[in-house]
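Each remark here refers to the structure printed beneath this line.
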Amino acid sequence: MDDPKETGRIEAFSDGVFAVAITLLVLNIQVPSPLPPDNNLIRSLFRQWPVYLAFLTSFATIGIMWINHHRLYTHIKRSDNTLMVLNLLLLLIIIFIPFPTALLAQYIFDPNEHQAAAFYSGVFCVMAICFNLLWRYASHENRLLARDADQHAVKAITNQYMFGPLLYLVTFGVAWISGPACIALNLLLAVFFALPGKQLAKQGEGENEAA
Amino acid sequence: MDDPKETGRIEAFSDGVFAVAITLLVLNIQVPSPLPPDNNLIRSLFRQWPVYLAFLTSFATIGIMWINHHRLYTHIKRSDNTLMVLNLLLLLIIIFIPFPTALLAQYIFDPNEHQAAAFYSGVFCVMAICFNLLWRYASHENRLLARDADQHAVKAITNQYMFGPLLYLVTFGVAWISGPACIALNLLLAVFFALPGKQLAKQGEGENEAA
Amino acid sequence: MDDPKETGRIEAFSDGVFAVAITLLVLNIQVPSPLPPDNNLIRSLFRQWPVYLAFLTSFATIGIMWINHHRLYTHIKRSDNTLMVLNLLLLLIIIFIPFPTALLAQYIFDPNEHQAAAFYSGVFCVMAICFNLLWRYASHENRLLARDADQHAVKAITNQYMFGPLLYLVTFGVAWISGPACIALNLLLAVFFALPGKQLAKQGEGENEAA
Amino acid sequence: MDDPKETGRIEAFSDGVFAVAITLLVLNIQVPSPLPPDNNLIRSLFRQWPVYLAFLTSFATIGIMWINHHRLYTHIKRSDNTLMVLNLLLLLIIIFIPFPTALLAQYIFDPNEHQAAAFYSGVFCVMAICFNLLWRYASHENRLLARDADQHAVKAITNQYMFGPLLYLVTFGVAWISGPACIALNLLLAVFFALPGKQLAKQGEGENEAA
């Protein structure tokens, strides 16, 4: 792998990991078995709403990060050993996400709520740092990008990603105030990263331009 | 992703998610461990038949929805940001299906049977709505279809899908009468969606036409 | 899907399902937690050898069936709706295999040993029938094969597969005599199916012929 | 499969298995539920650090082995029946890894620590042997390599892999002295195998040569 290779199999492996990690999230949702005195299943289902909220936020985050990974590899056209290791580092965090999700779901109504939410945001912050490392290594002096890479798009991604760790640091801070607010902010951030960097400038125009 | 891209990697990721979700269904089937007085394993296995029925119905539904997803992407040839998000929304529901399946399997012999079956049908109804959203977005004025898409086939899919949410609403209603009847109807609906829209008109003819 | 399509995405989805099902087998192997008085971990690990044997047999069976699936699709070049449904049926059995495996591992030292082993063999027998259905549908009058399919190879597969259900019926019978013997026979059968039909005639020659 | 075939689908299936096995590792990390008297979640999380260490080492090992698998198949260009079986054998070990990982995590603070660590290293040793078998079968007299395979690179891989089983034998020995030291050495070995054989000679040079 010390010669740049095409990135097809990295993408296939990463797709597999993203797909498994995102699907394993459902294992955190347990069938409510000991029913309360009024024995109403629907009410029991509603009562565990924070489990669904954490499921949704983690799903959105992993899903959007998959879109971002996809987006990076439309520009990254070659691979080397360092890229493979940085890619593995990113996948390590992605794979880990079901754990803080389970933790948050279990402790959201507990005095430990703040610690669980801070841990959750902390993991996302590390994930954002890994995305920056991967992208900066690949895009530095066009190292692994297509030779004719759109410099405008490359720059836009770099700028957008720079804010990632800072924004997740903010949600980390909010965790010490309110757990649910922290989750809600993390959901919003996922939406922010769903927007391609370019679109942040000229939002909405691009959508139909190739139609 | 604000430029239309080819859909190869969306399909690969979706295939992965469908494959994992459908396979995780087996984790809901538990080895019957505390054997009854007559200590007969086969009888214990038979006694949990609703677990197998729910497994089968969810398997058929996810499997057929994968065939449908496949079918849509023989027409959808380009991708944009909105399509990716709508696709993620659909996958969110697919991933969630093992949960209502487990719920139904556990409560089918319980007074809460009706609520569990209604929840199960409700999730399928939302899934059918997501399929409509995805397809209508992609096919509206041929937005993301192949330029030479077969307008007859496109129309046939649109017409067939329109009935999806309504039909699942019927099974939702039946849930309040009988749990097993509701599961059986959901199985029938999976078979309905296995038939391509075109075939609903001129059934059976098409099968060998390219042979 | 009523027009024959290429089989790429069926293969990709099937590969995903095989890969997940084969990997989930490991979840059946539990860490031996309550250590016996002599508190020796290695001995505890040895004591659960039937769990490893069942794991190995199921691994070999799913793995070899993947090779066979692969082999069929080197001949099957087109797809239609019926093929997709038959393929799903086969995947249903593959996905189900972790359940009889867990059952067998748990009951191998129990008086219910015979019933568990018979259930295990029964599932494999159904799997062999599904393989026959898929292959016979696809190969009947060359329906979905490559137009220039090697008729000799096609015939060899048909002949080999014909014996599958019968052979698994034998292991089903053996289950009522001895559980471990039944598992061992199933392992042998996996090896039998690892050999391509052609090689059964002129075994060993073919291996280097293209070198 | 007795004719050499291209290796695309073996790689796809292997990628799937690697991806699922690496992601299942997270299921070993349990939410710490019974909190100690001081009821501090962060402290409870820290207390289970060996679980994270074992998770990290197994992740690194599977991830790096995936890179190595990838690297081998840049040279292996054809497939035959024996290769498929050897590849399955390798996947058997990869799939099994979550089990010794869980074992090690649970027994690291126990008098059985040495046995658990030795078992862990032993599995890695068998994995290294399987890699040698696969590579030696494929590369022997260029059997399944590209006809124009870079003989220098082929030789470098052969030499590097030869040391694998021996090095894991060393970590097996260290297990009887200290469990944590054994895990740390296994992590180092993963890093060793991350370096391509060629780079071990002229380290660092190759990285930018194609830029």
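So that you can tell them apart, the chains are marked A, B, C and D in the order they are listed, and the count of residues begins at 1 in each.
Basically, contacts are C-beta pairs under 8 Å (C-beta built on N, C-alpha and C of every residue); 3 or more make two chains touch, one makes a residue touch a chain.
It should be emphasised that the depicted structure is a prediction, and the values quoted were computed from it without experimental measurement.
S.K.: With touch defined as above, tell me whether chain B and chain C contact each other through largely the same residue numbers, more than half shared, or through different ones.
M.R.: Mostly different residues: under half of the interface numbers shared.
S.K.: Please indicate which chain is farthest from chain C, where distance is taken between mean Cα coordinates of the chains.
M.R.: Computed centres place A farthest from chain C.
S.K.: Round to the nearest whole Å and give the separation of the Cα centres of chain B and chain D.
M.R.: 37
S.K.: Give, as an integer number of Å, the spacing between the C-alpha centres of chain D and chain C.
M.R.: That gives a centre separation of 26 Å.
S.K.: By the touch rule stated above, which residues of chain B touch at least two different other chains?
M.R.: 12, 16, 19-20, 24, 27, in rising order.
S.K.: Could you pull out which chain D residues touch chain A in their complex?
M.R.: 11-12, 15-16, 18-20, 22-27, 29, 31, 33, 35, 39-42, 45, 56, 59-60, 63-64, 66-67, 70-71, 74, 194-196, 198-199, 206-211
S.K.: Chain C touches which residues of chain D in the complex?
M.R.: Touching chain C: residues 1-5, 9, 12-13, 16-17, 19-21, 24, 27, 78, 80-82, 84-85, 88, 91-92, 95-96, 98-99, 102-103, 106-107, 111-112, 115-116, 119, 141, 143 of chain D.
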